[in-house]
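Across the two complexes that follow, subunit A remains constant while its partner is subunit B and subsequently subunit C.
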Partner chain A sequence: MRTPKHLKRALWIIALLFVAGNAVRLLAVPESFGQFGEFRGAHLSEERERDPVHRGSEVCGECHDERLEEKNNGAHGPIPCENCHFQPYAGDETHPEAHPEISQSPDRSQRACLTCHQYFPARPQAFPQLANFPEHIATNGPKLKKDDVGAHTLCVHCHNPHDPKIDLGQNG
Partner chain B sequence: MDKKKKNRRAFIKSAGHALAGLLMVVAIPKPGWAQRIHDIEVGEEIPDWLDHYWVYLIDTTKCIGCGACVRADKRENGVPPMFFRTWVERYQITEDNHVHVDSPDGGYGGFLPEDLAQLLTSAEKDPAGPGRGGGKGKNKVTKGFFVPKMCNHCRNTPCTQVCPVNASYQSPDGVVLVDKTRCIGCSYCVQACPYGSRYIHPEKHTADKCTWCYHRITKGLMPACVTVCPTGARKFGDLKDESSEIKKLLATQRLNVLKPELNTEPFCFYIGLDQSVR
Partner chain C sequence: MTYSEYLFPNDMHIYWSLMIVTYPFITGLIAGAFMASALFHVFGLQELKPISRFALLVSLAFMLCATLPLLFHLGHPERALNVVVTPHWHSAMAGFGFIYSFYLVVLTMEIWLSYWEEIVTYGRTSASGMKKTFWRAIALGAGETSDDIKQANKKAIYILGLIGIPSACTLHGYVGFIFGSLKSNPWWSTPLMPQVFLLSAIVSGLALLIVMYVALSSKGYLTWSTKCLKTLCFYLWLAMLFYMISEGLEILFFYYESSDAWFVISTLLFTKLWVSFVVVQIGIGVVVPFTLLSIMLFMKEDQGLYTTMAVIAAATALFEVWMMRWNIVIGGQQFSKSYVGFRSYHPEWLDQEGILTTMGLSLLPFFLLYVLTRILPMREAAEATEEEKPLQSGEPAEQ
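This part shows the complex of A and B:
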């Protein structure tokens, strides 16, 4: 008996689907798909390839070692240099040309300090903060026993940003 | 008799054909992803991402809302303005039990009041309003805190499930990532995320989100937001590292996650999360 025509046709269609389906799969599914799961495995290495931007205080400390030590021993120890000097160091050896942004960046304004130290009711109460700046100067200025207290309007006039805690016992 | 035999032979023959056809369908090679992660032997070919399982911990009782993490994240990952991979929300509950939530520019510049210059010269003791000194009367802030937010890197991820091209996935070490070469920018995942932590990049037109700084953590560094946090409110670590600080904290602290009722199983835990936080 001959194979019925409709069966043959069905077989052809199945074979065609098999070939076409696999061709589409080959073209559409990227190479490393499925290596670790339902995703393109190579992306994992691609994602980790990028260089870190924030290098931490130690990178600055390679040249500014005294400053780093001063900071680490002070109340601002946990704050990386990049927080206040804003531009992370690019890792270039040529310097200071390589980090003009860093050299110019320290924001000396009160605003820079107050992002952390302005009093808010939402801030943890244990954190040292200023509720009222004029009052802060009025009460603390005289303690420094300097003559020109009125001219001291920036925090960095009285506080060393790298070691901000003022030990009155020593200063006064 | 003859006819019967013929019928049987025909039947066997066609059944054979059908079986062959069926076999052909079944014989289509099993897709590669059927091979699951745990089937792969840890050995020379497989990199160290099976040795880690990352977890994030946020201590809201320590956050001072300075926004250093938001700024660091933008620098580290080139996040465009007005889009955020991480942001900080301020919650203030006033005397009349109203919950005030704000997050000016995602907390990018901290939460300083707009009229700061004026405040710096005025000796007024308690400027009214919950945004500043604390308010008066029924506007008095009785409770306040900052809540940093970001991708929760859920175990039961609503966002990867809806991706039509498998561009978004969970890495073997527990980080939810987006393959930008495959993403078609359909933004299903942006809609699916109950935490609002994804966005469509305005230039690349692909989905973008926090990667826990995958390029840093796989090199032994902490995510950028963790390194810059001045008070240690943000913590990150490896669950597979028995001696890690994070393991001790997770074991001893009182934890909560955002929207636990959604069963997304976030791996970003919070200490001191108030019930008013959504």
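This part shows the complex of A and C:
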């Protein structure tokens, strides 16, 4: 039985689609793909050439040495300054050129502290966490003789972010 | 049941959302509907003739929507084609694009040939010149419908069906393969997984066809034949039987092996999945349709009760398969790798992967099916003349 015209044509079209599809596919493969493995080889050098945004606490310490020392001796010692001072540089001319593109103004919100200190079942139990922070503020206000506090009082109202631990023994 | 709560940080969130529940449900319907049509086209079950072409259209309508849940799920949908451009051959996911395209070609070809006579007729008789050109282009400029050609088409459809069965199986089975090969998750990691997925796919495809068949033929859109319904119900019963055996074996093995996996799986089954798996999926989704279908084996099919039971059985079976996708996909993420921490999933209504998106994506194939049936007739051309009442033949009156 001879193959009907329409079947032949359909097969040709499929063959054509197959070839064209593969040609497009091959053209779309990035040049350095597979150089080192299943990824674009040039990606490595591209990433390497990017300027680092964060520079570590030591850089800040070149000028803010007291602050660095204060932080390093406190409970937040291991935390880099830029973990909290992360907002994009807003073009503040008063801040020296040493870090034009890095952030200075810290996030003073409760959320900034709670990203790390909110209770979370996945955190090590020994890590200081607050299951109920409004209650934390309400109960600790009187201890510090601060009565003007409420659920929205900022953490930094009582805690020094650079040396956050409060020793109640001294305060009363 | 007591357990302590300890979740690993990377276990806090359920990443595979409703979209990943919807995706295998849709591909399952594709494969299931195709199998039903293959029973006629390849295995020559004449009883299924009334739905053989319609089943193909159902398969195509769902096929056209199959990738959407994945695109909604991806954080970078614009990179979706990378998996085809630079596939990683160690990853089962890399095969998706190729399997999908291959099956799409097979399915379109098969539909094209099944409708060959209509296509040629429309090319000759359509009222407007535009439509004529359209149908002639679809016919690729050819226009023969002699017996020789019909014979050749039939053979080609047979071959396409033969190729289509394994490709439909692969299209859906690879989803099960991916789940089954995730060795870090004991609820998924079993070689039975592809088989469970595939059998449930056939269940869902047949169930959907039964519901649609009864609904559409009662309105005269499909040729009503109690034999056809009976055959569909029998194969649904058979598919459910094999599906239940596989799924049952899976749980039985977990229980009998009693490895560390059973500790977490049993906890899961009795806590987080108690309602959705044990009560709803098994209690309602399996017991009800299987009991009904078993009773129906001994019933005469030409009574109203049979049809009612068929619809109830099919609807619950369809629901079962959806719940099964849910319990596997979501259930498998509800415990932490720590094996002692559990979490919950609360889909949102308006989320990108939320409930409204899911409903929209689940309705879209039916809309596409409606469009397809506006272009191509649902009924068999031959039947309209052969059978008793040619209610409304397959002419594209509305076009």
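The working rule: the second predicted complex is superposed on the first by the 96 of 172 C-alpha atoms of A that agree within 3 Å, B and C clash if a C-alpha of one lies under 4 Å from a C-alpha of the other, contacts with A are read in each partner's own complex, and residues count from 1 in each chain.
Please note the rule applied: a contact is a pair of C-beta atoms (placed from the backbone, for glycine too) under 8 Å apart; a residue touches a chain by one contact, two chains touch by 3 or more.
It should be emphasised that the depicted structure is a prediction, and the values quoted were computed from it without experimental measurement.
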Contact breadth on subunit A, by residue count: subunit C or subunit B: B
Partner chain(s) touched by A:Phe36 [first = subunit B, second = subunit C, both, neither]: first
Touching partner for A:Pro80 - first (subunit B), second (subunit C), both, neither: first
First, second, both or neither for A:Glu47, with subunit B first and subunit C second: first
Subunit B versus subunit C as contact partner of A:Asn22, first or second or both or neither: first
Touching partner for A:Pro124 - first (subunit B), second (subunit C), both, neither: first
Touching partner for A:Lys5 - first (subunit B), second (subunit C), both, neither: second
Partner chain in contact with A:Leu114 - subunit B first, subunit C second, else both or neither: first
Subunit B and subunit C footprints on subunit A, overlapping residues: 1, 3-4, 7, 10, 14, 21, 25, 29-30, 33, 38, 120-123
Residues of subunit B defined as touching subunit A within the complex: 6, 9-10, 13-14, 17-18, 20-21, 24-25, 28-29, 31-37, 40, 47, 49, 61-68, 71-72, 75-76, 90-92, 109-113, 116, 119-125, 130, 132-135, 141, 144-146, 166-167, 169-172, 177, 179, 181-182, 211, 213-216, 218-219, 221, 224, 227-232
Touching residues on subunit A, where the partner in the complex is subunit B: 1, 3-4, 7, 10-11, 14-15, 18, 21-22, 25, 29-30, 33-40, 43-45, 47-54, 56, 76, 78-80, 82-83, 86, 88, 110-111, 114-116, 118-124, 127, 131-135
Touch list for subunit C against partner subunit A, complex: 5-9, 11-12, 81, 84-86, 88, 101, 105, 109, 112, 116, 139-142, 144, 148-149, 151-153, 155-156, 341
Of all residues in subunit A, those that touch subunit C in their complex: 1, 3-7, 9-10, 13-14, 17, 21, 25, 28-30, 33, 38, 120-123
